[in-house]
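Structure first, then comments.
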Amino acid sequence: MTAALNLGGVPTVGTPPTEQAQSLAHVLALVRARLAQTRPDVARVSGYGRTVVTERLGQLIDAGMIEEGETGSIPRGRAPRLLSFRPKAGVILAAELETNDITVGVTDLDGTILSSRQVPHTMTPDVEVSIATLDKALDAVLSDAGIARDRVWGMGLGVPFPVEYGSARAIATPGWNAWDGYNLREHFERRLGAPTWTDNDVNLMALGEARAGLARGIDDFAYVRVGRGVGGGIVSGGRLHRGAQGAAGAIGHIKVAETSAVICRCGSTGCLQTVASGGALLGIATQLAASGASPQLQQKLAQLGHVELEDLAAAARDGDRAANVALETSAQYLGTAIATLVNLHNPALVLLGGPVVGLSQAYLANVRAEVLRKALPLATRNLRIEISPLGDRTGLIGAAAMVVDELLSPQMLDSWVSLGTPRALIDRGARP
Amino acid sequence: MTAALNLGGVPTVGTPPTEQAQSLAHVLALVRARLAQTRPDVARVSGYGRTVVTERLGQLIDAGMIEEGETGSIPRGRAPRLLSFRPKAGVILAAELETNDITVGVTDLDGTILSSRQVPHTMTPDVEVSIATLDKALDAVLSDAGIARDRVWGMGLGVPFPVEYGSARAIATPGWNAWDGYNLREHFERRLGAPTWTDNDVNLMALGEARAGLARGIDDFAYVRVGRGVGGGIVSGGRLHRGAQGAAGAIGHIKVAETSAVICRCGSTGCLQTVASGGALLGIATQLAASGASPQLQQKLAQLGHVELEDLAAAARDGDRAANVALETSAQYLGTAIATLVNLHNPALVLLGGPVVGLSQAYLANVRAEVLRKALPLATRNLRIEISPLGDRTGLIGAAAMVVDELLSPQMLDSWVSLGTPRALIDRGARP
Amino acid sequence: MTAALNLGGVPTVGTPPTEQAQSLAHVLALVRARLAQTRPDVARVSGYGRTVVTERLGQLIDAGMIEEGETGSIPRGRAPRLLSFRPKAGVILAAELETNDITVGVTDLDGTILSSRQVPHTMTPDVEVSIATLDKALDAVLSDAGIARDRVWGMGLGVPFPVEYGSARAIATPGWNAWDGYNLREHFERRLGAPTWTDNDVNLMALGEARAGLARGIDDFAYVRVGRGVGGGIVSGGRLHRGAQGAAGAIGHIKVAETSAVICRCGSTGCLQTVASGGALLGIATQLAASGASPQLQQKLAQLGHVELEDLAAAARDGDRAANVALETSAQYLGTAIATLVNLHNPALVLLGGPVVGLSQAYLANVRAEVLRKALPLATRNLRIEISPLGDRTGLIGAAAMVVDELLSPQMLDSWVSLGTPRALIDRGARP
Amino acid sequence: MTAALNLGGVPTVGTPPTEQAQSLAHVLALVRARLAQTRPDVARVSGYGRTVVTERLGQLIDAGMIEEGETGSIPRGRAPRLLSFRPKAGVILAAELETNDITVGVTDLDGTILSSRQVPHTMTPDVEVSIATLDKALDAVLSDAGIARDRVWGMGLGVPFPVEYGSARAIATPGWNAWDGYNLREHFERRLGAPTWTDNDVNLMALGEARAGLARGIDDFAYVRVGRGVGGGIVSGGRLHRGAQGAAGAIGHIKVAETSAVICRCGSTGCLQTVASGGALLGIATQLAASGASPQLQQKLAQLGHVELEDLAAAARDGDRAANVALETSAQYLGTAIATLVNLHNPALVLLGGPVVGLSQAYLANVRAEVLRKALPLATRNLRIEISPLGDRTGLIGAAAMVVDELLSPQMLDSWVSLGTPRALIDRGARP
């Protein structure tokens, strides 16, 4: 345990949870991670006294999260019984609200997806419409999985806005004010009766990659998603780095371009998002069609009255120079921004996701080349940059992981374990 | 303790040190931070059994790091005796090797500086010259403090290169190859007989600010130094974020300018350092003098054959427009880079240091305005940007803190505590 | 007559036309400009001997270009008869071939438009289709005016490509190769039986402005047209400056932007045309709609599947910030390019034309402000920048003026005057 | 004679000088250019009547500018006597006032330099000091040539400011106000007793190249000088294009860079001059030395306290990467600006002069490559870009040519020819 650094000339161990809370969570974590599989193991590995161990295990077994199995067989004497974590003790609802669709899923406490669905939906400033659609989708996926609502231990929601994690407030951009004021946590806690956490969608994808993707076991990594916008999630020293207000990872808004013609959704100009997102590429494709710089896109525009992102990708595949340059340049802009992230954070891995990164075969190569060109050699020496093979499930996995992490954190676990289920906290209005 | 996230769908607690090592360091940390001041306190706060507590305290008292004081007085019965940390148990040597000078100091285990000196020195590709100068300065500062070399428990060194922290290798830039191969740790461990750690100078300044400056108690902050070059140190979640190769915080090399005329020391172009450092301002001052765009600087150039940074500052104070624009623009470039850092990292505090930030009264205001203009509103809502009042001592304090943190970390502490002093590890060739 | 400068240390008067040709054209010019209205006037103003004057006037009267009118009345003796130019001696066909339409007109020798029509037409790489449409339009406009083809003295054509004026070759851009090889002059001379000249469309608009617009009487001016592309025409010292290959005035291809994402029709990047043309604004409007940065455009896109330039203008009028910034920035880019033109050419007047300059009321103000900001004070001190009130007729007027200038130039006039009509040159295959 | 274009729908021949003035200048030009070498020739080529020719030749012979030589021999009858121009009829003083030196010369009417000298001199805001130095230099060069002041027919002066040609006012930049108000023409006309003309130095170099350099006989060309600043002169259709205020050719102030750190002497930012001039390169060299990016320059700086332009060139020759990149980039910036000039002006030739263009062997190649990359293919197809072999004499030749052109222009010539010498105009206060 590296000591943290914030008490005068002397480092502190933080404002600690109570010893009760801390040891409860620690014992659960040791069993869950199979670092201790018997009662003597738990005592030995933790250093806790026998009384403490017995008491904590008792609470966890009562809550159904740990079960004591068969007696093991050892050379001499009666073997201790094996302890194991019960991922089916509760279920988690996970949801991702995106600009063009909603994805929902049901998982166990290990994050294994039991059922999921995706629903088309155009997000508008009218928050109630989106929430109603989401409610319906959640009901449907529970029904798909044959699970009653009262077995839900918690819900995790990803939204395409920065989220002040502590207060669960989404920080909406200009023109989306209704979202800003909306209390998402309150709505879902009231409707579902289970504790709810909300975070930025890309943070949750990063978390999903850290748990179930290429980033497993990597302490310092970043996830970057390029879709209609561009977002990032940063893991530092094995922990999601949310920053002081939960705004960390906003790679889509770092300034990479001089142009001031295109206002970003954030209200500023020059943002990566204004030159490397799907929306930016759609604008470029339209211009190439209108100016005649791409004859193939020009024809599409004449035929259909508009062009789509897939037309740009098709033109590029057919060798159209303008289309290829547009995709290459967007990859280079992304590379420039990632080089900056690499210079500042020096991750071991950068994972790319989202629809744009797959528009061209050369995309990844262009990103990599630009990062190598613009980041410090030391920081790129062992750097891997990959396209995430997990695809769209990352966000759900991350949302579930967020909820489980929170439910099993010392203070929270301590607050509900004696009540048998986290739902009791909502029921009693006692959520910490 | 928030669980870290890297074992499949299940988070892990990391490859843990042995229970012995972990509890030893934990007990010391509790006493040092005054979270536990008696034996019963230690047992209660840690949850450790009485045997464990007794054994660990015994080791720490034997090594001279904890002492047991007077018996306290309580209403009824004999009070337990008070435990306290002994900062004078050992001394630490701290050193900063900079391009134009060397600073050395002696501190106690709390980082209190007992004695220090600064020696002028021009760093060149000839590493031996710098090392010899540094050796002499270290001897001198020990002699100033009246401390014998064999009381030194460890040495911390900051260098103006990125450092691969694990291997203690400085990663020198083109033209400085001799530094690249030089084994700094080996040299000082052999010469001083005490364990040595090396890190990038600005990382150590950040650490110093976290321990003894405005950043005390702030989990997410960044330190940015603008001198001959520009460097940064990032603290994430209360810990120095060094990144996968120790290269994190390289804010001086993020690309903020389109110009490709000026090669950076890193070999690339467009780096912040090429437009916002003292070296960049000196170049601009020279151009303004040569072109006649600044009459005042032109006169200086005619008189002296060259101009200095202080001439630029003086011209700005006298109202020279070109000089003011140069300083403002350099501050804006710094602001642009800090906005990027803020978007990615969302710190609560950014501290500025180094000689350039003091060249103009408006400097800080210009930096702040640019950050507000270019970073996300959510990330700047509560952001503080300040000039560090600690000044030049930050680096020494940080170097000492690094050494103490390492000496008292679980694995390291466990390896030497029974030998009485960390020096024994070097003596026996047994440094972990 | 300012001597031109190209013979060693001694200036030359150029390779002169024969004296016969020169005096013929000069006499016609004096009468046409009413600088000499009687035979004695012509002799006095020109300095030519009586024989020369008599002979030249005879030729011009025979060709129907000058008529001798009533005897004037003077105090004493018989007054000389008044000479006047006959603009109806012949008619000129004028045509503009644009990307989206074709405009044709019939004018007299003074450039007065007798009849005109505009025909919708989408220009494609298939040159024959465009030529056939143009042929039909020319027939129609002659028929509108009740004029037989054999009264046509010449034809002038503007095309949206640079034209090597001497060879009448259009220099087409990549993807438009068929146009490149097509001999426009040959086609029209064969079909119409009259000499034909071709120039870049914007050069002809500049010429039109110089003859009939705000630029009348101004020696140094520039015309800039912002439509689907951006083009310019430059008048230097009272003459259209075509440059060595007829490529002068290519303001749409000067580099004003750093971006390399959008390939220009010319195959390069960063061209003014890629950031300030109608095509560029359509691309930006699409992006603002797709990203949601402009809620109003986003709604349009959702309703119609695409947005149009007029939607951007409407959003701007309704106060949409993103739309206004897009139009302002495009005006600023135009201003940057015009500032460059102003620094290099120092015109007294810059006239703006084309559909984009009218999209926003603030457009002209933004252009002007940027020019003032970026051009030398000396060059902007008396500079006027205006939107041309002539509108679309400029090009036809210029095309006709080009033809008349050529027909009445010394060498050309001399070659056909004795034949009675310029058509005879084509008939005999004797065009100089 | 191509008709100029500025009278309504009908082109005009300009506000003409009187017939007397026009024919006088035309007859002189024909003889001077050897287009007519006998009286009958003059009548035939000009078309003027015998009386006019006799009268004009008489005036020119009386003024000593034309002499009638030996009778030629022809097959039959008495041959006419040969007419020739007398370049020694008068002498011209030519001067260039530069930032670091003054060059003066005496020439005949053909621009042949009879004597010249260069005097070191640092131009300051104190105009009187410069004028006094110039006065002395002019006296000295006349004395060198053994020519009395009263044989001087005119003086031509080049200054490193834009000049409003008509009023002879230099338009000085901020900080040089004293120059702004100074009446250079009045001073020299009073002191020398001969008509004086002033123009921007680089305009005169362009004129010199047009008369005696690689640009002889080329109608459309541009001269670009890169010294402490960057300036240009443009020739359009065989005539120096001065523009409406004499500010044309200001290539040094077109915007090629985004940087706003360096104020130009003109008060603006981003000017070519701030990135491609000698002053800019000196600033870069200083920065490379200070930052250590160029070890060789760093050493020079350590040794001498400053670096010079020649050190940069030497480092580049020795293979120093940073020095080479600095020179290459400055050449590319120049190429970008020239590409813009080429797109707007389409010259057949661009000549480069000044000390910077010779700092590196690769300079010209870099300029050419950038022009090819950024200008329209049509405009570069036959474009030549060369370094002027004339070197420093160009300016003097151009200054003399300006004076002779003016003295022999119709209106001016007519005003003094009957007085025998242009000096009489000053004497009588009768300069037109």
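First chain written, first letter: the chains are A, B, C and D, and each begins at residue 1.
Here is the rule we go by: a residue touches a chain if its C-beta (ideal position, glycine included) is under 8 Å from a C-beta of that chain, and two chains touch if they have at least 3 such contacts.
Small disclaimer: the values here were computed from a predicted structure and weren't measured.
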item: Chain pair repeating C-D, as identified from A-C, B-D or A-B when over half of the contact pairs by residue number coincide; value: A-B
item: Most remote chain, CA-based centroid, reference being chain D; value: A
item: Centroid spacing, where centroids are CA-atom means, of chain B and chain D in whole angstrom; value: 60
item: Averaged-CA centre spacing for the pair chain D and chain A, given as whole angstrom; value: 68
item: Touching two or more other chains - residue numbers and ranges from chain D; value: 258, 267
item: In contact (per the touch rule at the top): chain pairs; value: A-B, A-C, B-D, C-D
item: List of chain D residues in touch with chain B within their complex; value: 99, 122, 125, 175-176, 228-229, 257-265, 267, 269, 273-275, 277-280, 282-288, 290-295, 302, 305-306, 321-322, 325-326, 329-330, 333
item: Chain A residues touching chain B - in the complex, by the definition given at the top; value: 1-14, 16, 19, 22-23, 25-26, 29-30, 32-33, 35, 44-50, 52, 85, 110-112, 162, 164, 171, 207, 210-212, 216-220, 232, 234-251, 253-255, 258, 266-268, 270, 336, 339-341, 343-348, 373-379, 381-383, 397, 401, 405, 408-410
